[in-house]
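Heads up, the next two complexes both have chain A, just with different partners, chain B and then chain C.
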Partner chain A sequence: MTSAIGTLTKARALPQAAPGTITRRTHPLWFLLPAYALLLVFFVLPTAYQFVYAFTDWSGFKASINPVGVENLTQLASDGTLFRALRITVVYAVLVAIFQNAFGFGLAVLLERDTLVNRICRTFFVVPVLMSALAVGYVFQALLKGTGLLADTTWTIVVVALIHAWKWMGLAMLIYLAGLKTIPEDVLEAARIDGASRWRAFWAIRVPLLAPAVTFNVATALLGSMNGFDIVQATTGGGPARTTELLNIFIYRTFGQGLFAQATTMSLVLFLLVTLMAFPVIYLLRRREEVQ
Partner chain B sequence: MNRWMAATTAALLTIGLAACTDPGAGDTATEPAAITWPEPAAKLDGVKLTVWAAQNSNTVPKKVIEGFQRATGASVQVVTIPDPYEQGIQTKVATGDKPDLAFWQPTASMLTAINAKTNLQPLTGAPWLDRLDPKLRDITGLLGDVRYAALVTSPAVEGVYYNREVFAANGVTATPKNFEELITLAKTLKGKGITPFHEMGADRWATQWWVQVQLADAARSGLWDRINTGQEKFTDPTILGAIKKYQELIKEGLFNSDIKTAKFEDQGTALLNGKAAMVVQVNSFFGQLQAKADTATLNSRIGFFPIAPSGNVGTFIPDQSNALVAFKTGDAKREAAARQLLAYWMGPGYQDFLTDRNTVSLETGVADPAGVPQALLDVHAAVGSSAGSMQALAVANPDLYLNLADMIAGTMTPEQVAKATQDQFEQLAKAAGYLK
Partner chain C sequence: MIRRLQPVAAIALVVLLIGVPLWLVVATAGKSRGEAIDPNLSPPAEWHLLDNLRQVWTEADVPAALLGSLLIVVPTVAGVLVLGSMAAWVLARRGSRLTAALYALGISGIILPPAVVTVVLLLRQLGLAGTALGMIGVYLGVYLSTVIFFVTGFVRTIPEALEEAARIDGAGPVAVFRLVVLPLLRPVLATATILICLYVWNDVFYAFFVIGGRLDTLPLNLFRVASAGLYLNNWHLIFAYVILMSLPLVLVFAVAQRKIISGITGGAVK
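And now, the complex of A and B:
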């Protein structure tokens, strides 16, 4: 934290910044404080505390909190439930990433031209993004009641991933649209003059140039749905037979039983997993951008 | 500038640290001697009380609260905490959020789970205790020797609710005398094309009753004491056997064909319209039937008998809608007012409450309302001689029902159910300071 602010203040002392960097200063740096304060209280501190409480016996059953070493970790590792929940969470995140990007990309291509109908359609597809995730979950639960789609121990995870993707596809669409709009017209014109068909120009020119949008969309969908909770909780509550019990739902249940330290340990595992996944995923997607 | 930044950051960190320490800690225990019981109708103008209730108990206190507000001038608000209720409350209390009163399962395991010693007011010397039926006074609500919960309605009993008309139409004149007879009867009914039992695999929580009623005799001979001290496990033959028996009965086709997807609501409908002959359930199930049919219909159609391997023994399981706890909020005036509300409830307001809820009286001096359905009287009659349930006697309450629901869905074997339940029991018991 302190080092981040230190870097910011140091930047002022170095007028010879890299070319293209905006060195002009319009606002005093302390304007950042409210934002950093919120980030600190609601993100940095809880995350830091995870590393403390995960190694204690904090519970709802007694007032004192004592250190217990790695006992919570060894217990979780010996119990298959954590690994099952982790597996379900990763499967869910990958499915969401695929569906959300496929839908978003399809919609962006379909609605790319700025016609009146397209503009109206785009607005409609963004509405679910603005809806409460719980409302989305309850609506789908009501819609799918009695169809058996939420009672299948194999396929329900796919159904909830589709619902998650449906809710967020409007955002992916917006990002892909922005990507499509920034492709320079002259590149496409050059392709046309070279005799490339529309099909060829699409796959050989426009899709590769969307790489930064792909990076953003895949990373946010994948890593965002690793932290999934609300939609699944509202739609299935983790059922049937806990086949859609994401790690966060498991954490919520454990916390609710008063086992706060164990729940914290699981959050820590999830935090580390998301971090470990984020670096290679973003690195690989970035490399893909450069290759193009 | 730099120094200011560092100072501000340090200050923020310190505040954050202070704000993040365990909010549940730090309360001091009230001396039992200091507990006073105000007159039930003493004036309380301007006092605001909050009562937390679950979706199935939020209408229970309606009449009491109306009377209390009229008599005292206090205002009482009932806040519904969504299901899963107990989990929601534990989470809220852990973060320092407390009501004045809440519906709460009055068993030792659940009083431990909410850290009664720190969070709840002891109800020592409550004025209504002498008026309670002596058989019921100390049946529950105690943690160690200290009373933390006030029982307001007859505690739930696990047993068999049956459709009298279905029994009569198939020539069944006497209800089964033990578990073996129950199964024989079920097989006879199935032979006649009737679904003997109805179970709700999708709503899950009732699945545990089938295992628990089979354990009634073992419970009487100290099963849960042995589990509590680690001498016996869920994976040992007694409990594992009951789980296996349950699965065997399901595989024999003695249950509804939609057992995996059926919900609590479906159970009531199925029993009322005779689609199923019997349901193993607790009192809240009868509450659902009361919402669906009037007393006359219920009396002619629905009956209850307790069941256990050795005979007609019920398994007693007080639930959240049967009792209330009062929280230590740190505000002496509101804490006293909360005790006063309980005294009013079990005192001047009790008759009105029973009439409104149409339920059995726990006090010897207050008569049952005229319209209490026969099945409820039968359930109440079974309380005195019943065996304790897992919730009543075990020091921790593992999610046996979730594992059983998984078994019904086909993703767990009985052995896995027993193992998972035992593991979780040990985890919870250790966290609560038992089972070193």
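And now, the complex of A and C:
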């Protein structure tokens, strides 16, 4: 009997024969349980709900919820709302990604040397990152009030994208600065000895080595702004003539009107849009980690 | 030449890009109602900053909103840090296909937008609609992924030998995690704390759906104050509120600047 148990435990213990081997005894899976239970209930489940309730007549006006097929989707598509909101969101995200990275990169290059003045300047550029996006929106609404920049049906989307980029450029700057620091001095030294000009060394050596920082910055800017709400809501509220109505502003507005199914449908559209754009991004992030 | 011009350019840029908007906030928050109706960059004829701050503090129910914010931010941050690092530790150490899949699922929330509308329905079914507990649950669901991502990457850089030594001394997984792993995670947990505080403290979008109208937080309250007809164009009060709300984070940043910067950037470019 004891020997049977002995062989059993021995058999079980075999995989961890070498000390330091990872097993379910040293790193039990139940450590995952609380986090994944919460993720399941508060993230996965509501997401799954979207695939159901986007196809119902759920609203604030009646108690029952009945399936209606793709009616919400066809209605939103036929009156042009769907594609307009999609277009506005994608344009906004791309503009933010461009501006935020251009500003962040420019600031990082400008403030790269570790002087006292530069250190103080960097601190100031981080202040907007700490401010609430809502507050940033109000600041620029007040600042641009008399200029008409927030009342132009063509250019206001560019202005709000610039404001979004202004809020986050300090973070992009910090990440580019850290990226610039990882480039070893001797590589630049070698280029200089080989007769490369400052300009050429910059574009041929430093910029390519910044790839991880670019990946991170572009990914976070793109996906962060697709999920944007506060800044645009506080500056334009989606106007003028709904030309800056991002998906999230549409969702907020229709939810407030009690049109829950329509809001869910748009939320599902946003989810699918981000998923579609996220695959290449996740791929890049994971690959970066494996290299590490 | 470039060396001489660079500090001048840097300072000019700070004044123009950061100084002007921040001055607008401070100057407008210092003005009287009549002066602030058309916000501009001229200094107030007479400074009313403290009066305005006091008026916002009492009239806009700031203490209640501050309490609401703390009631939600503190448990959220504690929850994501502890539960997230527990999960991240095991995910980082075990190399099976199952844990790889769980990791991918765990970090997908960094990118995928949460279902803000249906989560309201779910909370209603759970009896948590409009409660602080429901709000904390939603934030946990949204931000656990950030912690899992940062901490898993960090755990992989910690040599396993440190855990092994404790194991040989007879420590079980809970003891190893609590006494060996958790203290080593301090730098990455500091980063995560800052990031999550930043997100949750300033969030208004998720809060609007989950607790809007039931429980007040600072951003929700600011949103209400600024949107209410009563306060429309009361820029002096709106900006006094902005100062009140931003101050805690700016102070924390001023104190722990160096740590925060190295923490945030360290995770991103490695």
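A few points about this structure:
Basically, the second predicted complex is superposed on the first by the 237 of 292 C-alpha atoms of A that agree within 3 Å, B and C clash if a C-alpha of one lies under 4 Å from a C-alpha of the other, contacts with A are read in each partner's own complex, and residues count from 1 in each chain.
The definition used in the following text is that contacts are C-beta pairs under 8 Å (C-beta built on N, C-alpha and C of every residue); 3 or more make two chains touch, one makes a residue touch a chain.
No experiment lies behind these values; they were computed from the predicted model shown.
When the shared chain is aligned, no partner comes close enough to touch A:Ile193: not chain B, not chain C. Of the two partner chains, chain B and chain C are each touched by A:Tyr49. Within the superposed three-chain model, A:Trp166 lies in touch with chain C and out of touch with chain B [touch as defined at top]. With both structures placed on the common chain, the touch criterion links A:Phe31 to chain C but leaves chain B unconnected. The partner that reaches more residues of chain A, of the two candidates chain B and chain C, is C. Touch criterion met: A:Ala178 reaches chain C, while chain B stays clear of it. In the superposition on chain A, contact of A:Ala151 is made with chain B only, not with chain C. In the superposition on chain A, A:Val41 contacts both chain B and chain C. In the superposition on chain A, contact of A:Val117 is made with chain C only, not with chain B.
In the superposition on chain A, A:Ser64 makes contact with chain B only, not with chain C.
Once both structures are placed on chain A, chain A residues 29, 41, 45-46, 49, 58, 252, 255, 260 are touched by chain B and, in the other complex, by chain C.
Taken in their complex, chain A has these residues touching chain B: 1-2, 5-6, 9, 29-30, 33, 37, 40-41, 45-46, 49, 57-65, 75, 79, 81, 148, 151, 153, 239-243, 252-253, 255-262. Those residues of chain C that touch chain A in the shared complex are 6-7, 9-11, 13-14, 17-22, 24-25, 28, 38-39, 79, 83-84, 86-87, 89-91, 93-95, 102, 104-109, 111-119, 121-122, 126, 137-138, 140-142, 144-145, 148, 153, 156, 160-161, 163-164, 167-168, 173, 176-177, 198, 201-202, 204-205, 208-209, 218-219, 222-223, 226, 235, 238-239, 242, 245-246, 249-250, 253, 257, 261, 264-266, 268-270. For chain A in complex with chain C, the residues that touch the partner chain are 19-20, 22, 24-29, 31-32, 34-36, 38-39, 41-47, 49-50, 53, 58, 107, 110-111, 113, 115, 117-118, 121, 123-135, 138-140, 142-143, 145-146, 166, 171, 174-175, 177-179, 182, 212-213, 216, 219, 223, 226-227, 229-230, 234, 248, 251-252, 255, 260, 263-264, 267, 270-271, 274-275, 278, 281-282, 286, 289, 292. The touching residues of chain B, when paired with chain A in their complex, are 1-2, 4-6, 8-9, 12-13, 16-17, 19-20, 22, 24-27, 84, 86-88, 90-91, 93-94, 112-115, 118, 202, 204, 260-261, 402, 405-406, 409-412, 420, 423, 427-428, 431-433.
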